[in-house]
Amino acid sequence: MKHKRRAVTVGDVPGTLRFVGERKQEHIRIQLINYNEDIFEKREIESAGESAPFITSDTVSWINVDGLHDTGPIREIGDLFSIHPLLLEDIVNTEQRPKVEEAESLVMIVLKMLTYDNDMETVESEQVSLIVKDRSLISFQEKEGDVFSGIRERLEKNRGRIRKMGADYLAYSLIDAIVDNYFLILEKLGARIENLEDAVLNDVDRNTAHEIHRLKRELFVLRRSIWPLRDVIGTFLREEIPVFGKQTLLFMKDVQDHILQIIDWVEMYRDLVSGLLDTHLSNMSNRMNSVMKVLTIIATIFIPLTFIAGIYGMNFNHMPELGYRLGYPIVLLAMGAIGAAMVAVFKLKKWL
Amino acid sequence: MKHKRRAVTVGDVPGTLRFVGERKQEHIRIQLINYNEDIFEKREIESAGESAPFITSDTVSWINVDGLHDTGPIREIGDLFSIHPLLLEDIVNTEQRPKVEEAESLVMIVLKMLTYDNDMETVESEQVSLIVKDRSLISFQEKEGDVFSGIRERLEKNRGRIRKMGADYLAYSLIDAIVDNYFLILEKLGARIENLEDAVLNDVDRNTAHEIHRLKRELFVLRRSIWPLRDVIGTFLREEIPVFGKQTLLFMKDVQDHILQIIDWVEMYRDLVSGLLDTHLSNMSNRMNSVMKVLTIIATIFIPLTFIAGIYGMNFNHMPELGYRLGYPIVLLAMGAIGAAMVAVFKLKKWL
Amino acid sequence: MKHKRRAVTVGDVPGTLRFVGERKQEHIRIQLINYNEDIFEKREIESAGESAPFITSDTVSWINVDGLHDTGPIREIGDLFSIHPLLLEDIVNTEQRPKVEEAESLVMIVLKMLTYDNDMETVESEQVSLIVKDRSLISFQEKEGDVFSGIRERLEKNRGRIRKMGADYLAYSLIDAIVDNYFLILEKLGARIENLEDAVLNDVDRNTAHEIHRLKRELFVLRRSIWPLRDVIGTFLREEIPVFGKQTLLFMKDVQDHILQIIDWVEMYRDLVSGLLDTHLSNMSNRMNSVMKVLTIIATIFIPLTFIAGIYGMNFNHMPELGYRLGYPIVLLAMGAIGAAMVAVFKLKKWL
Amino acid sequence: MKHKRRAVTVGDVPGTLRFVGERKQEHIRIQLINYNEDIFEKREIESAGESAPFITSDTVSWINVDGLHDTGPIREIGDLFSIHPLLLEDIVNTEQRPKVEEAESLVMIVLKMLTYDNDMETVESEQVSLIVKDRSLISFQEKEGDVFSGIRERLEKNRGRIRKMGADYLAYSLIDAIVDNYFLILEKLGARIENLEDAVLNDVDRNTAHEIHRLKRELFVLRRSIWPLRDVIGTFLREEIPVFGKQTLLFMKDVQDHILQIIDWVEMYRDLVSGLLDTHLSNMSNRMNSVMKVLTIIATIFIPLTFIAGIYGMNFNHMPELGYRLGYPIVLLAMGAIGAAMVAVFKLKKWL
Amino acid sequence: MKHKRRAVTVGDVPGTLRFVGERKQEHIRIQLINYNEDIFEKREIESAGESAPFITSDTVSWINVDGLHDTGPIREIGDLFSIHPLLLEDIVNTEQRPKVEEAESLVMIVLKMLTYDNDMETVESEQVSLIVKDRSLISFQEKEGDVFSGIRERLEKNRGRIRKMGADYLAYSLIDAIVDNYFLILEKLGARIENLEDAVLNDVDRNTAHEIHRLKRELFVLRRSIWPLRDVIGTFLREEIPVFGKQTLLFMKDVQDHILQIIDWVEMYRDLVSGLLDTHLSNMSNRMNSVMKVLTIIATIFIPLTFIAGIYGMNFNHMPELGYRLGYPIVLLAMGAIGAAMVAVFKLKKWL
């Protein structure tokens, strides 16, 4: 969740295409899927130009671009679909907030695809930009690998209504897949929170404060991805985007419901994690208390007794008690009595 | 309050009917109640088809479905009442937030029925979905057992106005019963908070931090059920749902009042519980203070005295005091004086 | 501030008249005051029916009902003034939030009359419901004793404009009296907060955390009474209630100002009380620090010295120092020097 | 910032003129300034009646009243300018929130003039009420002494545009002077916060918690004065007050900017002061830590050594070591070694 | 981030031009850049008058003024462009919040240019005011040195579209440069937060509380600069400022996106920094716990043993054990056993 360097672009001409982000992949890979109710065609293409013949056809074209650091092909696509330079800039700058932009006849949606790195136990974020224009959808991803395999399968096997619908429904399907995937992240974080909860409530001392801090950061990433998305979908639902038909909006409403659910959970998790720190601190304070009690009890019992022993260890010539026959046992008894009295007091104070 | 797995549906075709939740019951049970001012009929039916003859009649039909894991009968009902697949999906996915959806000529209301598990001292949540269409109401529950027995009795014995009104009034009655039941939950939690309060204020050390954490979780469940409900009822009150008549809305207003009362209490309980943690920490700090004082007083009095005894326990050949006749009593007196002075200082410092 | 049992009514037919609350009084007492500019008449009546002749007359009738547990007379009044059963239900359920309801030709206002119990140092809450219809006002209280004596006196002695105005002005006067009385509560709580502040700032150890907790609860009661009231009065000021004339609304604006003042104070008191806990914890930490310092200083000075004394208290046959003529004074001097060095170090560290 | 007694008026007839506040001055003093572009006249007047001839003239009249406890003259002014009794009541009740009231042809603005008492280091609040009617402005203050001397000078010496403008501009000037003066308060508080910050960051132990509490209270006073003022000025800027001309509103906008600046600072100061308490607690915890370390090091080194010395101080007849020639030096060396080992361990643990 | 003295102006005639702020530069420096698509001219001018011939020409004129303390030249420019005195007052008072003002035919935008002082590790704030009127833009800065060098270069070398556009696009470019620069500040603060995070999580004790306090202050500065800016740009986007053309607004939208991103980061950083303090306090508490444990273990083991040694160091004549042959070894063994038992108990309690 490092704040990637945007600073390099300070002073750039606005609309300059400069990749801002972590370079995640060597080569750009472009995949073209072309379909309608009857046709399905999938192929890797070398340059955006190859897709040109399909754009005007009556099929739906989905052009998926993996890798954003090489701005050449992206500019080429931009020219082909006449995408405004500022939008292209947003696509290659992977530090965007989720947003929707409408310009002329096309719509751009920017969102964050999250994946969970099981080894590092961190949430990884990748920016996905969707451009919908007429019957074409272009998706830009930072690197290969996504959560869209289910959709490709549905397209290929013609399951559900997807092959009967337009590019707007495809866009909805991609957004839905990304949002659905957030539930997976939630589940992973939920499991970690539960583990932490067990540890804290049973007062097992793991690196609690550290783990709480890390969970907070992960929840931040999720939160930053999901909150602006609510407004994005809200824009669609207010029917401000004519490209999206009524029928697709019905499904969009479903996505909005999921987003609200996720927000609910994220906020609840944040509260829970904060509360766990309090509980943890209370536990530590508790433990300190019991340590102190032990020290105090031991010290309070033996310090006075040691003092008495010290007195009769003094070497004065004239200490009459030392000559008494019963001096020693009497002192021992007195010590025992004092010790017992102390213990009784502690019992009374409920320290024992 | 575990976050149930929604992840299984990632990549599903939207509108796919797949049960998401905890399987709470083996068989689906369907009950049909059919009534108007003169007629009352109650029977168990095997399949939704059996209810078909009643739907178009001039009686009000209440079809109650217990158990959601077997999607077959639910799809059948969906077909019978022409319910949109996305709505059916919401019904079987028991992770919904409370919401109201209007589609064509029907209204769907999703809410959470809460029950209090006295043994585990936890709040259990069950999703109830209501579909109102013309003179029919279909209610879907996760498992048998609900808070509607009072309503069934009123229907059977024709008490109150319920037999004279339509399906909208029945829907109101069910919602009212669910919301009323929240007061029972509130009362249980209130009693636990009061107990905790007593324990904390009287500084009895139970597992306070633990209990506070648990209460917070229970309040979360309640909160997540009630907050979205306010908007749901608000939608009705703004008269956006034509199925609900003016007369029923008057009663709905009453439900809204109850919801606001519950929200008030939940928020207050949350504040109280948070405050209790502070008080508890303050208590613990207090107790630590008093433990430390005891230790300090004992140590501070006896450590110097023991040192003096140590001096006269040294074995130097030439220690003139040792030969003095009054050496011993003088030292004892000096020790007494030092001890008394210490005590006086502590009294002055208000430590005793 | 116990959450009174509403649960008993779960499953009741809506509009059922069942008293919910603490039974505060044995018998219902009804008082009728009848007045216009020239006439003033006050009498106790047995049943609501007795008031019937006055309702249609051109005088203003104020019917005050003390005691709500016996629902018979209340139903009678409800019939007489044709009050909707749901409104009557609100009147006898004393767990309402402050609210205003308009129905047909009458207005119901529910508010909380607070009184301060000086012995228990708690805020007591009593529900007052006002029904205004034409030239009649019916007020329902839980028990005898209220804050309206000033108004009765003004009516009787014809002071101010009250005898010249209608039932709406009388309603305003009652609301004003209740709100004005909140200032008395504020003052009591303010005095307690000031005492607590003195105690905390001067670090006198009273039962601070306990008292803070109690003050928070009292402020909660006040807050729950006053916040919804702001919306209630706002409803009037937006001129949505035709029964209330322009002239009376001018006075209502004044009440709204008072409410805003009270809210300001309540919020400030809440902040202050929270801040006091922080200060208290800081004080306790401070005190602990100083206790620890004393212990550390005493122990750090004497433990090494005692060790030296211990060395020369050993009984080895061959300990040359023991035979030195100046051994004893040298050791004493060395001890003195070590002690002085310790003290110097502490001075340097600013511990003394 | 004591909550002054409003309680005395409970039960009063609304519109009763009763002074509520601290009596700050013995006699009421009325000053009349009369001016237009050519004329300037200033005089003390005995009764409001004396100002009557000026009111209808084409000059602007500024009547300033110092002292509010004697309600006679205030009622006289009220009659002269036909001010509604409720407005007069607001003027003499000095517990108002800042507000603006429009009634018939006049406007009343109530605000708080703050002064900083350098000796007590507290913020003093005085209520100022302005009545603007036609070409007259009447200002009511609790006592003599204000922040308007600059305005009087500008009027007298005819500097700026003030003599060319009407009573609305004069009102603006007075408000501006009061708001500008808040910056002085901010500066004083800012200086105190900076001092406190220095003390806390350098860990100088002044009465930090106490001072933080006091600063919070002062910021409360400022906040309570400035927040409602924003709405007051907002009312003007929405052009809801016809008495105020467009040209004056341009200047009002400037006042609004100042208010927003002050609010920004107040909120920041509040955050800073809260943060300081955290830092202070962290410091105290730090210091405790270092005190504890010293104690632990000393005790941990010497307690075992003293034990060894104690062993060889026992008086058993048969303790072979005591007879060894090298017993004593060996034990001394062993003790030295143990002590050195302890120190080494502490070094390793980074405690030294 | 010191609150600069505004107090000097209390009582000034509104519209008085008095420099309020820190004097950052001796002489005022005025630079004139004059350009259109074909022409580019840059020169230093002595007085504003020199720029007069260019204003009406068909080129775009950018007049940049460095230094605000000498109000003479600023008044001169004000006269030349007929800027309202209140706007001029805002320019020289460097304590403004970011804002936009439209007056007659010109627009004034006030913003904060932030720079990061690497030595002091603080964020420095400088006020920049932009006046756009027809084809002229006047920018006022507190001192020389800015973030506009990239823009000057683009103008000179005719890169991008800037030479083809009007003064509104130039204004956009300047705002964009200032906002872009905030990312640099973010990065610096982000790096410091990361360092602090490392230190805290690895429990390295740097001056953590101090550094947290400083970071909070820096974030405050950033926050105060960026929050109001959102509203400023929002004003443009709502197309309320006719001077700004549609084409420029498209770019403005981009700036708004950046602002939202920055706000997101600032809020996240604030949360993170607050969380770090909690973690730090938890660490300190942890460390204290372990220190206390060591002390307790050592003391608890040796205090009883020392007591036993003390007993046999007493000088009673009749202590039979002293005469036993095996007395000494038995006591030693007993001591060893007690010590071992203690260690075992601690192991059981998981303290070792």
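Order as written gives the chain letters A, B, C, D and E; numbering starts at 1 within each chain.
To be clear about the criterion, a residue touches a chain if its C-beta (ideal position, glycine included) is under 8 Å from a C-beta of that chain, and two chains touch if they have at least 3 such contacts.
Just so you know, these numbers come straight off a predicted model, no measurement behind them.
Engineer: Just to be sure I understand the contacts, which chains border both chain E and chain D?
Structural biologist: Common neighbours, chain D/chain E: none found.
Engineer: Indicate the lowest number of steps between chain A and chain D, counting one step per move to a touching chain.
Structural biologist: 2
Engineer: In degrees and to the nearest 5, what turn takes the CA positions of chain B onto those of chain C?
Structural biologist: That pair's rotation angle lands at 70 degrees.
Engineer: Distance from the CA centroid of chain A to that of chain C, rounded to the nearest Å?
Structural biologist: 42
Engineer: Centroid of chain A to centroid of chain E, CA atoms only: how many Å?
Structural biologist: A distance of 26 Å separates the two centres.
Engineer: Where the centres are mean C-alpha positions, what is the separation of chain B from chain D, in Å?
Structural biologist: 42
Engineer: What are the residues of chain E that contact at least two other chains?
Structural biologist: Those would be 281, 285, 288, 292, 295, 299, 303, 306, 310, 313-315, 319.
Engineer: Sort out for me which residues of chain D touch chain E in the complex.
Structural biologist: Where chain D meets chain E, its residues are 147, 149-151, 153-154, 159-162, 173, 176-177, 180-181, 183-184, 186-187, 190, 194, 197, 201, 250-251, 253-254, 257, 260-261, 264-265, 268, 271-272, 275-276, 278-279, 281-283, 285-286, 288-289, 292-293, 295-296, 299-300, 303-304, 306-307, 310-311, 313-319, 351.
Engineer: Which part of chain C faces chain B closely enough to touch in the complex?
Structural biologist: 2-3, 5-7, 9-16, 84, 86, 89-90, 95-97, 99, 101, 208-210, 212-213, 216-217, 220, 224, 228, 277, 280-281, 284-285, 287-288, 291-292, 294-295, 298-299, 302-303, 305-306, 309-310, 312-315, 319, 321-328, 331-332
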